[in-house]
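Look for chain A in each of the two complexes below; its partner is chain B in the first and chain C in the second.
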Partner chain A sequence: MHALVSKYVKIFQLGLQDTFVYRWNFFIRLFFAAIPLLGLVFYWRAIFDSGQTTTIGGYSYHGMVFYFLLTLFFEAMLSPVEDDWRIAADIREGTLNALLLRPINYRAYRFTLFLSYRVVYAIVALFPILIVAFFFREYIDLSRSWETYALTVLAAIGAGILGFMITYTVALFAFWILEVSTLVFIVFSLEYFFSGHMFPLDIMPEWIYRIVQWTPFPYELFFVIAVYNNKMNGTELLKGFCIQLLWIVFFYLFSKWLWNRGIKKYTAVGG
Partner chain B sequence: MKRYIEVYKIMLRNSLIREMNFAVNFWLWLLTEFLWFMAQVGLVHVVFSFTDAIYGWNKWHVVVLIGTHQLTSQLFTAFFFMNLANLSELIRTGKLDFLLLQPVNSQFIVSSKQFGFDNLINALVGVVFIIFGCYKLALVPSIGQVFAFCVTVIFSVVIHYAFSFSLVSISFWFVRAQGMIYGYYSIMNMARYPDVVWARAHIALRAVLSIVIPVIVVANVPTRTLLGLTTGPSLLWSTGCLIGAAIGILIFSNRFWKFALRHYTSAS
Partner chain C sequence: MAIIDVNNLTKVYRTYKKKPGLGGALRGLVKRDYISTRAADSISFSIQEGELVGFLGPNGAGKTTVLKMLSGLLFPTSGSATVLGHTPWKRENAFKKHFALIMGQKNALWWDLPAEESLDLSRVIYGVQEDVFRKRLDELTQLLDVHDKLNVMVRELSLGERMKFELINALIHSPKVLFLDEPTIGLDVTSQKKVRDFLKQYTKEKKITSILTSHYMQDIQELCERVIIIDHGQMMYDGKLANVMAKFADYKMITLQCEGGFNRTQLEAYGEIVELEHGRARLKVSREKAVGACRDILATVAVSDFTIQEVPVEDVIREFFAEKHRLIFTD
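Take a look at the complex of A and B:
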């Protein structure tokens, strides 16, 4: 057990060093992610100014801007960056051979690396996010009960794991298709729209929102913010956590199945 | 000039052969981009369920704006995008050397080797929405307006191209361009807002977003030209910004490319 843990701690450390080289890349990404906030602030200001109501789908103007600040924060903390390209490259370029020879589980190996990327990203992101937060300080409202904070952390951990599982599953298609970028982009656009990145999902017409709730995408981001904003009560909250867990299990099993099939084909080709 | 047309014809043919080899990929991309656009239209629908108009822009004005953004960005994507996305790969693998040896302008060959036919279809989807928006507005633009629209669309495509080309040229220093491509999208997404929403912004910010990173004018000027919308900043001023920005950024992108190339040769 001790050996097992120390093995993955080692991988984690390697991941830290490897990713630190790309810290500028992270920094640029975060910079570009923050820029649209500027447009969103003015766009929603105009919508609220010309609308007949002071709230839209339960969001005040300040609440709306805070929503987008929260998407920026949680995406910086949780969403996989380039993990899919690296996994696909492992498969395509044969780096996987060396990894298969070692007594490690590839998924666990990748997940450990994902965690270390997250740590580096969070550290790199911290300072710029504080600047953004200072700039938009009038919109920020952090007064929540400790229960809400605890539940938010739980939802966020689930969202991170789900995000990784989806990315990992998609990348495994590299066993069959040479260029996974089309697939990656399709999944990315679904995530972009249905994770709540573009706008809070609960301002959509009720029937669409009901359907979207059953897809995995809201549980990568929107769910976390909804929990934080106390948008869900008892049963609804429980339902949300259950759906999130179900999707994690689903992608876990699906990726396992893909891996088993893919690895047969892979070794057969590699001789 | 004639030689460039010849070269471009050959590259077009190669692109077509390439697309036909990856038919599934072609349809998937087509579908994805189409859904992406429909999502934008969906968002407009959601927004306008809360208000009738944003400072004089009603739902169908904004639909025409989104259609125009679709048209210009998809035209840009068709002609240039794949090439720009591949640039960092060319640098990393050293394949760029091969392109630089060709007896044509290096920026030309790097920017236009591949053509995306699926994007041309999606550009037409944009046109359909522009026409539909005009129909809903009960508006028939004059020949002059349509002509001015086409001219301003060309300037917009130039801006899309020059702006993203400058961004990906940075990959000579930072090897991964994926972040840059992401930057292009996330900045240009702001072009879909009616220019009136920026009225509250600080004058300096408005100036920067009209001239240096011209997201305020890039889709708004063609739209307003076509619709004859007079609300918001003076159309003459905005058009001036559009043309000035297009020329300015194009020249900058070329200078920056040459500067970056010098860095490249000295690095290897």
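Take a look at the complex of A and C:
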């Protein structure tokens, strides 16, 4: 057990160091991710100015701006960055060979690296996020009960794991197709739209929102913010956590199935 | 008991043959013609503890295919193999812990980190004790002369240094079986020699059972007493390299310099004339006649320079493959 833990602690450490080499990449990327945010703020300003109501789908102008600040924050904390490219590269370039021959579990190895990338990214992200937060300070409202904070952390952990499992699953298609970037981009578009990056999902017509709730994407981001904003009560909250868990289990099993078939093919034709 | 035991190991690749042009591509959607390539065809051999066996053969002969099957990276189409009592392609941890594969063209080290970090990762992956690890690391880095490079980023190392660390990385868990696929590829002559000398000494000392493939005949010649020759997936020969040499290199090359020129008929009496121009001659003389011929030539011709050489192994192997259709001989 001790040996097993130290194995993954070491991988985690290497992941930290390895990613830290690219810290400036992250920093710049995050900084510029805040620019579209400005656009969104102006966009919503205009909508609220022209309309008769002061709220849209239950969001006030302030609430809307805060929503986008939260997407920026959770995105920086949770979403996989380059994991899909790296996994696909392992398969395509045959780096996987060396890993297959060692007493190590590839999924656990990749998940550990994902965690270490997250840590570096979060640390690097802190500075630009503070700048953005300072700029928009009048829209920020952090008063929540500790229960809400606890549930938000739980939902965020689920979102991180789900994000990784989806990325890992998509990347495994590299066993069959040479270039996974098309697939990665399709999934990314779906994620971008249905996870609540562009607008809060609950301003959509009721019947669409109901359907979207059953897809995995809201549980990568929107769900976390909804929990934080106390948008859901007891049963709804429980249902949300259950769907999130179900999708994690689904992608876990799906990726396992893909892996077994992929490895069989990989080891049948050589890599 | 044999450490490596291989029985009728066969690997058939099925590849789809595409007809040329767009029409061919469309037809391929409906009906496909497959061609089967026998990358390894009924390969059988066994290797005892501590042996270092060389795999010889042209590109695409099936050497790497066999090595990959023995490593567990490829499932065979038929046949069986055991390495240290395990079936490699089951990829059990008990097997992985006592085995290593080095591929000259692939690297296992982390590119952006110092080599020491990758080595330390190997330590925890294989569960090597810290003090044992330190001792081995010191020994290996001293032997390969890279102890001062441990803290250098891998991407800043020279090709030779990187290969040396790849070797150290593969040996840090003290494997009992080692497969080396082109370990000296692309290295300069000095590094090649260093790596070669190291492998020779280290595998002998630690009794590591090894298989080596290399394009550099000198590697094979200096490291492997026994060779297995493979071509078109088939085993052409399994035995001592010296026997191949005796059979196909039963002559020596004599080169002569003489200002006054030569008498062609006189030289023809000793052996085959490979080259004859003004003041310079090259002769192919059979092994047993070589000494006598030298004595006679030196006594009768006023030579200004004189060399006698073994036939390069490359030439021997070339000759072997040139003759293989007529002759498959066993030790």
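Descriptive notes on the structure:
Methods note: the second predicted complex is superposed on the first by the 270 of 271 C-alpha atoms of A that agree within 3 Å, B and C clash if a C-alpha of one lies under 4 Å from a C-alpha of the other, contacts with A are read in each partner's own complex, and residues count from 1 in each chain.
By definition in this document, a contact is a pair of C-beta atoms (placed from the backbone, for glycine too) under 8 Å apart; a residue touches a chain by one contact, two chains touch by 3 or more.
Because the structure is a prediction, the values reported are computed rather than measured.
Superposition of the two structures on chain A leaves chain B and chain C fitting side by side, clash-free. By the touch criterion defined above, A:157 lies against neither chain B nor chain C after alignment on the C-alpha atoms of chain A. Computed from Cα centres after superposition, the angle at chain A between chain B and chain C reads 90 degrees (steps of 10).
Touch criterion met: A:18 reaches chain C, while chain B stays clear of it. By the document's definition of touching, of the two partners only chain C reaches A:7; chain B does not. When the shared chain is aligned, no partner comes close enough to touch A:130: not chain B, not chain C. After overlaying the two complexes on the shared chain, residue contacts for A:39 are found with chain B alone; chain C is out of touch. When both complexes are overlaid on chain A, the residue A:199 reaches chain B alone and has no touch with chain C.
Legend: residue contacts after superposition of the two complexes on their common chain; A:179 is shown touching chain B, with no touch to chain C.
If you count the residues of chain A touched by chain B and by chain C, you find the higher number for B. When the two structures are aligned on their common chain, the gap between the nearest CA atoms of chain B and chain C comes to 8 Å. In the superposition on the C-alpha atoms of chain A, no part of chain A is touched by chain B in one complex and by chain C in the other.
On chain A, the positions that touch chain C within their shared complex are 3, 6-7, 9-11, 14, 17-18, 21, 94-95, 97-98, 100-104, 264, 267-271.
If you check the complex, the residues on chain C that touch chain A are 13, 65, 68, 71-75, 89, 91, 93, 96-97, 99-101, 103, 106, 108, 110, 112-113, 117-118, 120-122, 124-127.
Within the complex formed with chain A, the residues of chain B that make contact are 25, 28-29, 32, 35-36, 39, 43, 46-47, 49-55, 174, 176, 178-180, 182-183, 186-187, 189-190, 193-194, 196-201, 205, 215. Residue ranges of chain A in contact with chain B, taken from their complex: 22, 24-25, 28-29, 31-33, 35-36, 38-39, 42-43, 45-47, 49-53, 56, 82, 85, 179, 182-183, 185-186, 189, 193, 198-199, 203-205.
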